[in-house]
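Across the two complexes that follow, chain A remains constant while its partner is chain B and subsequently chain C.
Let's turn to the complex of A and B:
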């Protein structure tokens, strides 16, 4: 066993990832036995389509959690962005090229504002983003209470497009994760997130532009929420001011299950991707087994606690 | 023969791969101050934890007040009268002094509710026993470290204390605070309390301890009355080899040439009132003074980590204009902070990332961090500074204090091409690592780097510095040549200047 661990270390594969990966494999095997519809190409196609939105939001959440913060505004931001996109496109379906970048810029700016407020006001990010979440939610409802708007055919098609049988959106998601991983590990700004998350004062004394990095991480979380909203609007065809509400807390699950610690400085996007897969597959399998959604919530709660406790015991050793 | 307070026989403790205690015999008599010496990793902390009930040994036996015992928990040991004061104090920073002192024994009133008045009365009584003036209403985080430590000792006096274990209590205090601590230790000794005293400072052992036990690699390397061993013999037993010389030879010629750093009439906050110092290339300049005299704050201002209210800082003849650490680093300054765990290292990250933190640009090729380059630099620094680590991927949190400090030298020696500021560079590291650090500091100076070193350990300041500035109450009280400096001269300067100022204040009051 220790030889295996040593080998993994050499390959710079964190044990956290291995734990989640093993859980994932167990789940797939169990799923194959328990349901004949689970291990099918068709089901996996659906599954990947389902996990794109959660994956995107969780990615953004990963950056902020790595920094030692948290972003509770992502759900509202996703909702607001879907409303914006759907209504803009209902008004001018021909301006798709403008609507999407505009939505992304706005979402990024709101994320950056979150980061800025934590610095300027010195208020805990939990509070800042909770407040911001409420503001965005209320603001969106003022404008539009019910789902509405529409999207042009081209955007809807994108959501269902497949390449060699794999949903294009899933390919895009994996590509974005890969890019994010590369950025975190190999760029100065990405690496700096670990420094600031590991120890903010030490980062400052090492000459790192701490404030800029904080704002950047929250801005990226906003950007990811904006991207998630594009995927979501493309699939549902409407803007819904309540659609993202549950996403806020859901986005934290894959991050911590994937081994990123809430205190910051440790973890990464691969863990989050595995976490997203685990959570989505589990719910998918439970659906096939006709387990009520109440139980699904309970099981998901157990998964969070068990997975994180495995990570922490391992770390203590 | 008196019955020892505690007697450990052939105590063993083993973890997979390591054996921190290997058949250790250790006994403390009542009314004795027993010093426990040893390098980091020699087994001192494990031994303390065994006595205090935090760790159960794998073998051997323990007798407390003549009766065999085997603690099931720290609480049981504490109830029995064993009180351990760790280096990291176990206080609640947001709670009052009284609440902290009586944390385990909150007095209750007739209704079974906690009585605030009784609590403060009891706490005040204990503090007055210790001869300290601390308000029982003050919050812990409003107190200086020395007072916090007294609160910790006061906690021990709530119940009956028979054995008091102090783990490096003087690492965070200095001067008269140490005297006060020692007075209290002597008083407890006279009341028959057995005291175990862990310290890296040999001078203190000679001043306070009656007997000494030296641990080396989990075994007892020597034990006996303090007077029976010389300082050098103690060091030899601790490191297992002879240290011909602790401090490297000073430069023969005094540094000349233009000053690399010139600080004039610096003012910052209430801690730094009027400080003028200078450093030349290749020179080791020491800053001595009590804790709280403004030494650390001066370093922080120079490095740009703290705002200044007045005065000037010239670096290579130019004013440092933008006041931030990033600017200082760009100019070739480095700052090895006093508190390496909170203000220096990223404990969860590998050595390589820690070494490169201030200089990511230096290993970035076409926008991406060159991992191989980073690894090579880290490896080179691991070799240069003899860091005991199998690879640059090892997390810094897993290294010993001395090795963590060497990683910091590995980091800053690359960055600080012109000036390196060291704040307590040998705090909490063992004697072997200390000697290596002294060599490193001298070598860096030989290469032309100016060194500004703050230290509470006077032998270290004297042994290493070319020139010494003595600070007191935010002022430079005087400058002494390193080669001819004595501990008395330094202390005298510090104390005399305090007296004078107090005298002046008193005269002013009389006039008013």
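Let's turn to the complex of A and C:
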């Protein structure tokens, strides 16, 4: 809790968080009135299971956006990682202990390569990660066009396991967010991400290892994509070369709704967590109300515009 | 008439550096053409070249618009979604005769202009980043389109729509003629008019532009409107080519149009670029896609090559001008 308070104070973003939190509470209350299935223990269990993947990818996106960058390769990276994990495990189900770390290392390395390319080539991250996304997607499709592979029982069980009625995956997700928040606020390397995102030249003049910090942020985004892929493969049981495609753009919504600005330097992971909750709960409620997914898209677009407008208006004042 | 000794400063992208950029691209294009010709004897035949360019025409139209937006430090992710929405809009008239075609065009252009205005308004007046504003627009248009069609669009189209894609007037394909017309009109606006100069000013330094009496907001909104209108027209031509309406007409064009513009030397940092060079970028992109097939590589290879090229091209122009 103290970490949460510290994050609020240091970023002077408390109002952004309060706005999102109030919206979230309103949503829960409204949901309780509008649908008798919404405010149930069972629904919230399902909900948390659903938001784990989006939460992980959005967390990774947050690091990069805080730095003033963007990672459009996460979706392809998640897809590629699920394909790798599922096919490796189909080949050797007994090597679970090897397959998962290997996937994480590979995803982290690809993320780091994104960061490295933005520095070495001095090309806008949008272009670098877009190009990388295309390369990864093409490579994955060349390996396998259809969903395939399988996972051992133990991994599948993990995705449905519950502790005191709460999905274990959700506990893991919250724990990772808490760790990330603590790291960003309390550690020198974490704080330096804000510094570099706020003013890269000033950070360089102050002797910060800017290049290393940039590579680290993109590497973390890759790591988060790898973790998301593990959750996803555990739940679906296959590696699907297209499963992550939509995640790229979906991962940006919670970040900006949570008050992290695309220009970098301001925001935090708590906002992203609230953003993920808001987006997922809203879609969940709309499903219960039988609102077609078509209108859910319209609402998602409006949410982006409204959230960003609110946050920019506050900045101007 | 201006005296010859004091030429007007030409901050319009027609500098020595940009000429180098253009020649670099032309050399690359010639190399690609030679490789393609060596691999397939039929490639350089006029019929095949016209064929390849015909496929590229709708993308070219989108690139003309995308160039305007990138020049003012923006980008438009909503173009592909708009193309599909315009295609669906074209079926809304349930027209079976060609009399409806002018009406379809007017409606499509008006709708696109409104979309572009909203994009530009969000960016210029509400300070929403171009990425997020056009991303939101992309999702909203997608939702509206699917809600209207219920997921399964009808394909009632005037028979003449196909003429837009495959028809010829005096032996010249209609869609290439339209692309040329769009490029020349907007090329003149951009590179030879006062408004064009203002666009370059806003793109290279919005504050200086403001101090020089230019209203950056209005210029930016104008660019987004042009972009959407070009995309809407491109959508109708692509529809004519595909022949049937789907909810995903033009999918991928948002990225391809950005890739082509960047390859053509339009700088994402704004204020630098040339419409005709951007169109050369389209030609390079299409020929590369064609080459992958000629070489017998799997089609997924296009994605990998496209990825390498976009990063490489961006790095190339960066170092050229550094």
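Everything that follows uses one rule, which is that the second predicted complex is superposed on the first by the 304 of 317 C-alpha atoms of A that agree within 3 Å, B and C clash if a C-alpha of one lies under 4 Å from a C-alpha of the other, contacts with A are read in each partner's own complex, and residues count from 1 in each chain.
Keep in mind that, in the parts below, a contact is a pair of C-beta atoms (placed from the backbone, for glycine too) under 8 Å apart; a residue touches a chain by one contact, two chains touch by 3 or more.
Since this is a predicted model, take the numbers as computed values, not measurements.
Participant: For A:301, select first, second, both or neither according to whether it touches chain B, chain C, the two together, or no partner.
Facilitator: So A:301 only meets chain C here.
Participant: Per the contact definition in the header, classify A:101: touching chain B only (first), chain C only (second), both, or neither.
Facilitator: Once the two structures are laid over each other on A, A:101 reaches no partner at all.
Participant: When the two structures are overlaid on chain A, which partner does A:198 contact: first (chain B), second (chain C), both, or neither?
Facilitator: The answer is first: A:198 touches chain B but not chain C.
Participant: Is A:32 touching anything from chain B or chain C once the two structures are fitted on A? First, second, both or neither.
Facilitator: Neither partner.
Participant: Quick check for you: in the superposed arrangement, does A:127 touch first (chain B), second (chain C), both or neither?
Facilitator: After superposing on A, A:127 lies in contact with chain C but is clear of chain B.
Participant: Is the number of chain A residues in contact higher for chain B or for chain C?
Facilitator: C
Participant: Would you mind writing out the residues of chain A in touch with chain C in their complex?
Facilitator: These residues of chain A touch chain C: 70, 117, 121-124, 126-128, 130-139, 141-142, 145, 249, 252, 256, 262-263, 292-302, 304-305, 308-309, 312, 316.
Participant: Mind pulling up the chain B residues that touch chain A in the complex?
Facilitator: 303, 305, 324-330, 335, 337, 342-349, 353, 357-358, 360-361, 364, 367-369, 371, 393
Participant: Can you name the residues of chain C that touch chain A in the complex?
Facilitator: Residue list for chain C touching chain A: 75, 122, 126-129, 131-133, 135-140, 142-144, 146-147, 151, 255, 258-259, 262, 268-269, 298, 300-311, 314-315, 318-319, 322.
Participant: Which part of chain A faces chain B closely enough to touch in the complex?
Facilitator: Residues 9, 12, 182, 185-188, 191-192, 194-195, 198-199, 201-209, 265-266.
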